[in-house]
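Look at the two complexes coming up: chain A is in both, with chain B in one and chain C in the other.
And now, the complex of A and B:
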């Protein structure tokens, strides 16, 4: 009896320590758009639950989802929804897919600050990015050749732009494909006739965001956290974490942290749009 | 021969050891010596065999993964394209299908058919043409809806997952031929992720690689050789002692740093200098590659020139040649094989360099007409796209086929250098 009492009291004393462990060891791979956000999440979470180890890698949404399918990452961060054939590959392998939306992001169209043009319609954007409109004077600017900067095809932003702004048409052959969002920002800031697209969080002083109209010119909206939250800015997209059902329990503390008020405050601070 | 020399050195050490410490009979000592010798030779032989096998295995894997591309259809295996049974068009190619779905071809008469606007039908449009009841709560009636719509409209072209076509389909399935070698090598469009048909034309990539590499070589070889001659023959001891570590330091800088330097400093500089609309050009790529290949070329050439026997130099001077004549006529021909080796190594670095080129050439897959246009090289394409290409899929195999082409380019160039070397020795 005495022995049982001692073991029981020892377990009860250890219980708080066991509960506050909550540590998470996982790997997040994928979208460059989600990368700064995931890094902040993992830093804040690792401070809260010491012993956790969360590594965050970029490469593009396509790279992350491909790694999820081949089993080399725990979580795939993606700035586009999973494609039909990627979903089928997971189903065929008998794996259960889980999806969590962690934040919203607005896609900003950026130009060089010296550019006179400050607003464009969706049709004009489609013409520019597919290569049909080649000079800024055709859309109300100076007589300057339009230089289109895009991301590589592994990027979720690339796919999202193609689906929502270019009605699934192909990018112009002469579009320059940069390997990272940072490179797009750098190039647009130093080339006068440049136009590109980046997530809202990557906007900085060296580039100018355009106002966009999706109703043929009736209203133009500027990208910002407020307009993205109220859905008046038309190019917004959800950012996802995809993972397998088999590791759901293991990463639950991290997901709960991200969806909590503290996690969403980090979302706001980094320049993304919180849920709700 | 080499193995024997190494074995001899070890053998003499063992000899002293055996003679002084092991008081055995002479015959037994000789037997141990023989066994040890054979053992060391065996280790050296097996290490060179393992290296050769590893290299051959990599080349074999490269070819096996890439050649499979020419048995693949440009349309994904799980999907199919269909048109109305009465549509007279029979000769649809991969490129025409891409143009149709991209909105560049809008009327069947452009393809030799009737004067009707082309109507696209994919999964997204189905939900606007049929109500939810007709499609079924779990989409179980989609095959019937597809069949109905295609039979009723003569101008439709449909693209669906194969499972959405019923077994008694009344339309005509479009069968595209497999990707052929000429389509691959001479095609001008590289759109590997387009649906329904991906385009794998690598001509712009090959030409981009050749342009950038050729110009990098043109810049790096003369400058490298001249610097090597200066350092070996003309510079005084203090200058040489200062320059050599600095140049060897250049070789140690990671290529990403070169790429970043190129993007932030070189590209805007070229844009301002030549008044170009965009600074990311083949010239920027060539300059960066030349800077990366220089340290290798300089160090090895300089070593080759320095190992010219003094007797040779003095003989030239004794016969009345000036310093420059002895450099050009005596030292350089003697150091030729070392200089050729330096060229091969430097150019190998230039051809295969990925990260730096990826950041400064702009990666636009168009055929370049001048050096001052953006280009896309093969290593940059492979680096950027291999991460997301599904393992074993068509895109994956196309990238390995590109790797084969790169391998062949390097192989041809190295063989040329070997031939030139052999010819001149004669």
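And now, the complex of A and C:
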């Protein structure tokens, strides 16, 4: 009995030390698409591991990866794969790169709710975003000029849209480049002829998500977690955390938490697509 | 009536003291009135600091130091691994490069000054300004001392180069890499579909970063196309270069290669006007491939050049000062190829490089140095072809430090007709002129 009491006392005394060993102090910077998710991860983790301090900043995938290269962030959150030039810069600096996929995201094409167009093919989207199609009447809508809103070139979403929807063609010269996803949502909600693209988690009542067809109009699919999970929605992409091997041990509890059932439940709740 | 003077004085004293103290407190109370909002005080300070920082961020100071230890096979050999070894010397320590670069970037305008500081002295590497037009942000004009816009290896930063030195052909034709001149650059912004094309072209003195010695200006141009795959696993680049220039001859004798009546290649003299321009003309192609695969990032880089090079009887190198003596014109060719393998995600990088320079393609082997008919001049050491195989390993310690170990194996063309007692100049056999370089580089 005495032995049990001593053991129990030892465990109780060591508990704060054990908990604090799980604490993580780090900076996450980069993708605006990942931003809401990273914020929820950090809030939930900081509650579980007192003493942790995790700061989360947006700015775009390119900004996050630049910060990782220059050593001013611990984790670069990214909605695109790291570029070869970025990888070579890290290697030239003697840094070992690690990558973890944290979730998937569906890219939603959004228009103003007053727009009667509700579905477009990939070819029509390419035409609109490259500036070849300039009026909604050309795609079955009202006689109204199309105003294209895009993210800036530092955004992983900008790259993903260009590669997967626009066949790598360049954006229209008249496209308005917005610094953040929130700005795209706000602009589209306030402009009747506007069109833009955002991650699924940014959909709100002020904008309408279009159904998209990647088989020349045979079938159209609406963006949702279910269609992204079932891979019937064609514009989905992985979201990554990039970090250096030298801090892998330090942030392991956070990464383990994100990949756990609890972390993936947060993914689902925030409107992203879980890994499993 | 007797006045109670002392008491009055005391009362006066206390009254004055009381009044003084009261006034002091009142003044203090007025000074410490309602506290203003702290952000009203902080905001202008922060704004000023941000403004100052924005100005300071325009100036970037970077640089690197390369400290080498070198060991040659033979004391006193001629070498392209940072110059010849002194008489009787077969190993040395040196500061190969000590660069400091100041770059002021004001978005559409830029000024750059780069110095090289070593035990050999201080020299200018870059001193130029660049202006970009504000409308399309496609056209830039640059003037001053800058990299010659030819090929790939010239403009490749010496701090990033995977071998200790550039190829023999590049060092010979473009000593010091830099020249004094003016250049235009055309490249569309990153958001344009034409961003993968770049043209650099301009007119230069042709003497390197040195004072001009004649009125002839040399045209140098490079057209480059390059792209990465959408998966970012594969990247390619291809370029074409052209050099058209020359220098004013200081004598009336101009020698070109001919086959004489006996079928022997040698130099025949022709008479030219003093000051006539000796032609210097090159064409080049360059290509680069990068592949990110299971073993890590693999890079292949290659460049081929050919053309006409004016020199002297004993040298095929480009001038960095006024010509002295008669001009000898040679047709040349050469190339280099790099194979670079980054080992997985580690800091280790393996390098294999092969370069060839044939300064005179009209003669080879045992025909070099062969006697010619009277009036002609026989070929010599300046007409001998060299090939170099380099093997190296780089270790990127961190973002500042790189360690390089590299071995150059040099092979010269042999001719039984150029035999000398000294092994340093004898060309009957392959000279023992391999060089091992151990380099420590610190970059900031």
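We adopt the following convention: the second predicted complex is superposed on the first by the 257 of 276 C-alpha atoms of A that agree within 3 Å, B and C clash if a C-alpha of one lies under 4 Å from a C-alpha of the other, contacts with A are read in each partner's own complex, and residues count from 1 in each chain.
Convention: contacts are C-beta pairs under 8 Å (C-beta built on N, C-alpha and C of every residue); 3 or more make two chains touch, one makes a residue touch a chain.
No experiment lies behind these values; they were computed from the predicted model shown.
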Side-by-side fit of chain B and chain C on chain A, or clash: clash
Contacts of A:120 with chain B and chain C, given as first, second, both or neither: neither
First, second, both or neither for A:169, with chain B first and chain C second: both
Partner with the higher number of touched chain A residues, chain C or chain B: B
Touching partner for A:84 - first (chain B), second (chain C), both, neither: both
Contacts of A:184 with chain B and chain C, given as first, second, both or neither: neither
Partner chain(s) touched by A:147 [first = chain B, second = chain C, both, neither]: first
Touching partner for A:108 - first (chain B), second (chain C), both, neither: neither
Which of chain B and chain C A:92 touches, first, second, both or neither: second
Which superposed partner A:60 touches (first chain B, second chain C, both, neither): first
First, second, both or neither for A:71, with chain B first and chain C second: second
Against chain B, colliding segment of chain C, chosen among 185-193, 275-283 or 401-409: 185-193
Where chain A meets both chain C and chain B, residue numbers: 84-85, 88, 153, 168-170
Sites on chain A touched by chain B in the complex: 59-60, 62-63, 65-66, 69-70, 84-85, 88-89, 144-145, 147, 152-154, 168-170, 173-179, 183, 186-187, 190-194
Chain A partner contacts - residues on chain B that touch it in the complex: 76, 78, 98, 101-103, 123, 161, 189, 191-194, 263-264, 267-268, 271, 277-280, 358-359, 362-366, 374, 376, 384-385, 387-391
Residues of chain C that touch chain A when the two form their complex: 160, 190-193, 228, 230-233, 235, 290, 292, 297, 342, 345-347, 349, 395-399, 401-402
Touching residues on chain A, where the partner in the complex is chain C: 71, 81-85, 87-88, 91-97, 153, 163, 168-171, 245
